[in-house]
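Which chain is which? They are A, B, C, D, E and F, in the order written, and residues in each are numbered from 1.
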Amino acid sequence: MAARTALVVSAHSADFVWRCGGAIALHAQKGVAVTVVCLSYGERGESAKLWKQDGMTLEKVKAGRRLEAENAAKALGVHDIQFFDCGDYPLELDREQRFRLVDVIRKVQPDFMLSHSLEDPYNTDHPYATRVALECRMVAQAWGHNPGEKVLGAPQLYLFEPHQTEQCNWKPDTILDITDVWDRKKAAIECMEGQQHLWDYYTNVAQNRANQFRRNSGGQAGGREAKYAEAFQSIFPRTVDEL
Amino acid sequence: MAARTALVVSAHSADFVWRCGGAIALHAQKGVAVTVVCLSYGERGESAKLWKQDGMTLEKVKAGRRLEAENAAKALGVHDIQFFDCGDYPLELDREQRFRLVDVIRKVQPDFMLSHSLEDPYNTDHPYATRVALECRMVAQAWGHNPGEKVLGAPQLYLFEPHQTEQCNWKPDTILDITDVWDRKKAAIECMEGQQHLWDYYTNVAQNRANQFRRNSGGQAGGREAKYAEAFQSIFPRTVDEL
Amino acid sequence: MAARTALVVSAHSADFVWRCGGAIALHAQKGVAVTVVCLSYGERGESAKLWKQDGMTLEKVKAGRRLEAENAAKALGVHDIQFFDCGDYPLELDREQRFRLVDVIRKVQPDFMLSHSLEDPYNTDHPYATRVALECRMVAQAWGHNPGEKVLGAPQLYLFEPHQTEQCNWKPDTILDITDVWDRKKAAIECMEGQQHLWDYYTNVAQNRANQFRRNSGGQAGGREAKYAEAFQSIFPRTVDEL
Amino acid sequence: MAARTALVVSAHSADFVWRCGGAIALHAQKGVAVTVVCLSYGERGESAKLWKQDGMTLEKVKAGRRLEAENAAKALGVHDIQFFDCGDYPLELDREQRFRLVDVIRKVQPDFMLSHSLEDPYNTDHPYATRVALECRMVAQAWGHNPGEKVLGAPQLYLFEPHQTEQCNWKPDTILDITDVWDRKKAAIECMEGQQHLWDYYTNVAQNRANQFRRNSGGQAGGREAKYAEAFQSIFPRTVDEL
Amino acid sequence: MAARTALVVSAHSADFVWRCGGAIALHAQKGVAVTVVCLSYGERGESAKLWKQDGMTLEKVKAGRRLEAENAAKALGVHDIQFFDCGDYPLELDREQRFRLVDVIRKVQPDFMLSHSLEDPYNTDHPYATRVALECRMVAQAWGHNPGEKVLGAPQLYLFEPHQTEQCNWKPDTILDITDVWDRKKAAIECMEGQQHLWDYYTNVAQNRANQFRRNSGGQAGGREAKYAEAFQSIFPRTVDEL
Amino acid sequence: MAARTALVVSAHSADFVWRCGGAIALHAQKGVAVTVVCLSYGERGESAKLWKQDGMTLEKVKAGRRLEAENAAKALGVHDIQFFDCGDYPLELDREQRFRLVDVIRKVQPDFMLSHSLEDPYNTDHPYATRVALECRMVAQAWGHNPGEKVLGAPQLYLFEPHQTEQCNWKPDTILDITDVWDRKKAAIECMEGQQHLWDYYTNVAQNRANQFRRNSGGQAGGREAKYAEAFQSIFPRTVDEL
């Protein structure tokens, strides 16, 4: 059996860390080759701390953000990280850029994909990235797109956790125990020096999702003692051989 | 490891056949002990064909429905079928009857449960049964209910497919391949002599859910060739070790 | 062909006037025999003006409310109005009272039914009445309920307009032109002396629903010049021979 | 009175067959002139079988798909079929192409329109086509668009059935009996040689929607014996003279 | 403390009058500087009356609409009204036009913003304007957009009332008493000579929202005697010091 | 002006601490007299730790839970705490018990009320309590209920935060800064010795809601430096004099 693979489509270069760093590290540890595509660096909209420094330029911000993301990817055991540099706030991909993502999808042939919530009134780049992911997944399945290439099957698309879940109408159906790799996610989070105000936030999120993991795996009558967890919403139904 | 168990809460005595007969047969075949609780016989509301016969009485209808259900249960490999005889149209359980269901839940200690959709404007007994199932699941988890008994963990509650899915706001997230046990489900369906108008309906449903299984497991690029399937909606998030 | 019939299930004795008086008058004029069941008089919760009078008693309030409702029914051309006197705030029907409603449904054999919205945070009696209407419609369809009686077919249940539509998650799909019978609805409204604060409100509603009728029937390119209208939400799909 | 007309906006050249072929044939038989606009041939994304043949080219696929669609249209009695050839996977219309659709809408002056569901995570072309249909309907109503032309009234937009209804949050409110024209729809379906895996699927759908037609038109107490049906969701409220 | 400011993003040049004229006048009276941006004149789609005149041209329509809007703005006490002239039916803003809106937002630094509902099947320009408003609000918050400029805080975005609220899935959470400034809103409405068919409609709306204001502020037990009101839906949670 | 008052309807005796202890302490500090009604002690379902002790009885559990709740109430500055002792898992109130709650509501005349989310698949007691609160609020408004008593106005009903917000379809619209009283909430939490597994959980919740408070009050461009917060969903629209 071929090695398993996964693909993360991240609107900005730090999103994959906060929202699914544990899933990445956990699967990497299991031998899954995880590719991360950062559609932008988040250079305009998510780099306030850098912009407050004197003499900052767009190129310096991008370089700084890229370095942080590469370091975080290394900490998580990411197989490959690609920067599409499409610009942010707003993020927009032309057809060529979207077909570049199709190329990546086909090359990776992911067993599952990860991206943002379907809605986010605070950040229109996030649901835009998800719409792009869904469209490119569809194009990658098309036998008439670059005929002769291996077409894509039907990988699940997991939506990772947005900042304010309820405002984004995001509802998780899957909770993943990331206790074993928490130290790696923590290390990756700490690569994001520009956004220290979020470190504690996502640590709290991980602890509380673990509490929910315990409750949903049996509670006081046998629940698993998870310490850190991440939650996801699935877009497509699962196809299974047993319940 | 203890044998796996499952529990079906069926509003009327035929519901478990149409809606999850395949899941029952498949898990029975895998060694899962499946208990079915029929809260009523559907004697008033789902036995039109019997009532059109001369000299029919409520007791005769119930006996006939019970026999059909027992035969179907046998065909599916059900471990235990219990008839609560709470009456139908409308179905109503007093506290004692609900605690009887709690007793069954605790005795079975199901790894997962199955019941109806959360809404059904055509049939108010169906969502009522689901509300009862949720309430009794909660009571079975309570350390103060019959203290000393083994309390329940946190089994998933799967909602099986209602007759008109969209009108019931039912949205499946899990599709189960039942091809291997279709002959058993078919045999069980054919025990339901009073409702022949539904035989073809649920055969069509099983074939079309299999088409969706194929599509969601890879489509023309590697989807599994399922011939019959059943679909379910989960109430609770899954707790997993990998995506 | 038998005469057409309709049945309104009204939680309190004035609801049928504000919310579907036009529909009643219009169909009465077309020869449809409309039966109205008032589950309560609204004697406790919707009779503030009466209770502000000296020496008022529950019986006097009920008598006054009944008279108003009877007068309004006459103005609208109601075929039969029945008062179940189940009490209000909160409205609750025991099984016997619900089976009384089943009896009425079976006797009337309505071509369509009318009741309240499915939700109403201001007034829990309203959605309760609708749940009762749905349950009793189901029981009236059961061949095993009073076997030998003519069972009910599948009449549409239209939900009439609640006071604050958006708060009740009520969404109309049908707008009825009541221009021809507005004078009758107005006369019926003016029978409700205890609730004058609502007269203008429902006149405004009727005018604005007519504006929407115009727009949805063609707008400035041929829309019908309705002056007064009522709007309804359907519970069940329509079965049609053409679109 | 002028002859009635209808307009179908189909994302790919086969959609109109599976999803509303019965409605087309039925109305054609009643004298309604039905125009079909195929925004693309589905040449890239819905022609897997053709692409698996040796030496296939985009032009050959398009020609083949066009021929199939024309044959199906003939079988259904379509008045006029137009191919916009906008490309698929992804489907995108520039302003000129959208105004071409406005021109068709104005020329046809449809009494009702048909298009796809509002959502479809499997196929982003489908909801895109619906958004285009809604936008172009609006532009066709604008007195300032090509002043002097006859502006559009307010035709209903019916959403036809997507492949996996629940995943698309599509909820039908109208079921159409197509028994009389089933042979035509079957003939049209069989023109779609490239997608034989869907023939049985949509036959099953038609039979099951007919079962629902029977139930919603009266069930065992007088329901119509429809054998095949199609279901639709309406976007706009109906304006009626009676319920 | 700096003077308070507000910003209205109006798809067409009359929308701000019908939908939030009262809010504008009320806040203007309180010293809030309200800026209105009209993204288009509504020259193609909302000027039927003008287009029915002989010899009408696009430029004349735009000039007429502009004059009406300026007069209405004056009547309401608008601080600044800007016309972006982006065209309507359909409304589309390129990146440059959107950044022009960002510039306005940054310059105004609004304490709150107002725009259209998130959905509107009748008028795709309206939700488009809201999406633009949300995107531009986000860009205005980005430290990397025109670095050195004062970035935006987190103003509430209120969605004002669409024509057919339920069809737009718009649900108000805030009702504003505009009784004191009703004469100003009425004067502004009467500037809209081209759309007299809406004058009564929005007067009725204002009266009925006032009835709801009375009910939600205490009803017959102390509700405020508002005579005219406007309703709004908030996008973001409020941050408060007391409930 | 009369002193302000508030009323909390808590299904079990600890709910008010986790979910709105900050709101209670904050308003108590402002001079608002807060009454808490505990419908049950949570003696059966939420006292696992006690039941694991030898020789435990229902009465001992209730006494222990009552003491904890009284201590917590003291720590928060609750004005009055009442225990209805209706039993839990399941919680059920007969009419007399509900009218007892109506009596409390009328006596308190709350400016606002607090209760649970509208849905909770884990705990059916919680939404049951909210339905009771809504029904009793309505009865308290009825002029015909105990005529002569002062009827209730229209207090807001805030829904406090459930354990797993997204699974309960709970969406907050109001975030309250409780930084100033966090020490009191912490003290109250620490009275709940039987549920230590929740202490950290709700501390994390409070910190993360504070992060959201900062973001929604201005973020990096002026947001308030809240350290602890609580979030609430409103049932009714607010009636305001300015936006």
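FYI, a contact is a pair of C-beta atoms (placed from the backbone, for glycine too) under 8 Å apart; a residue touches a chain by one contact, two chains touch by 3 or more.
Source: prediction; values computed, not measured.
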Just tell me the minimum hop count from chain E to chain F, counting one hop per pair of touching chains.
1
Work out the mean Cα position per chain and let me know which chain is farthest from chain F.
D
Note to self: chain D rotates onto chain E (CA fit) by an angle, in degrees and to the nearest 5, of 120
Sort out for me whether C-D or A-D is joined by the greater number of C-beta contact pairs.
C-D
Using the average of all C-alpha atoms in each chain as its centre, how far is it in Å between chain B and chain C?
37
Roughly how far is chain D from chain F, centre to centre by C-alpha average, rounded to an integer in Å?
52
For chain A, residues contacting two or more additional chains
48, 122, 141, 143, 167, 172, 212, 215, 220, 236-237
Using the definition of touching given at the top, classify the network of chains in this structure as line, ring, star, complete or other.
other
Dump the list of chain pairs that touch, please.
A-B, A-D, A-E, A-F, B-C, B-D, B-F, C-D, C-E, C-F, D-E, E-F
In the complex, the residues of chain D that touch chain A are 43-45, 47-48, 51-52, 56, 58, 61, 88-90, 92, 121-125, 167
Considering the complex alone, what residue numbers of chain B touch chain F?
95, 98, 131, 134-135, 138-139, 141-145, 147, 157, 235-237
Footprint of chain A on chain F - complex, ascending
48, 122, 163-167, 169-172, 197, 200-201, 204-205, 207-208, 211-212, 215, 220
Considering the complex alone, what residue numbers of chain D touch chain C?
6, 23, 26-27, 30, 112, 141, 143, 150-154, 156, 158, 172-177, 212-213, 215-224, 226, 231-232, 234, 236-243
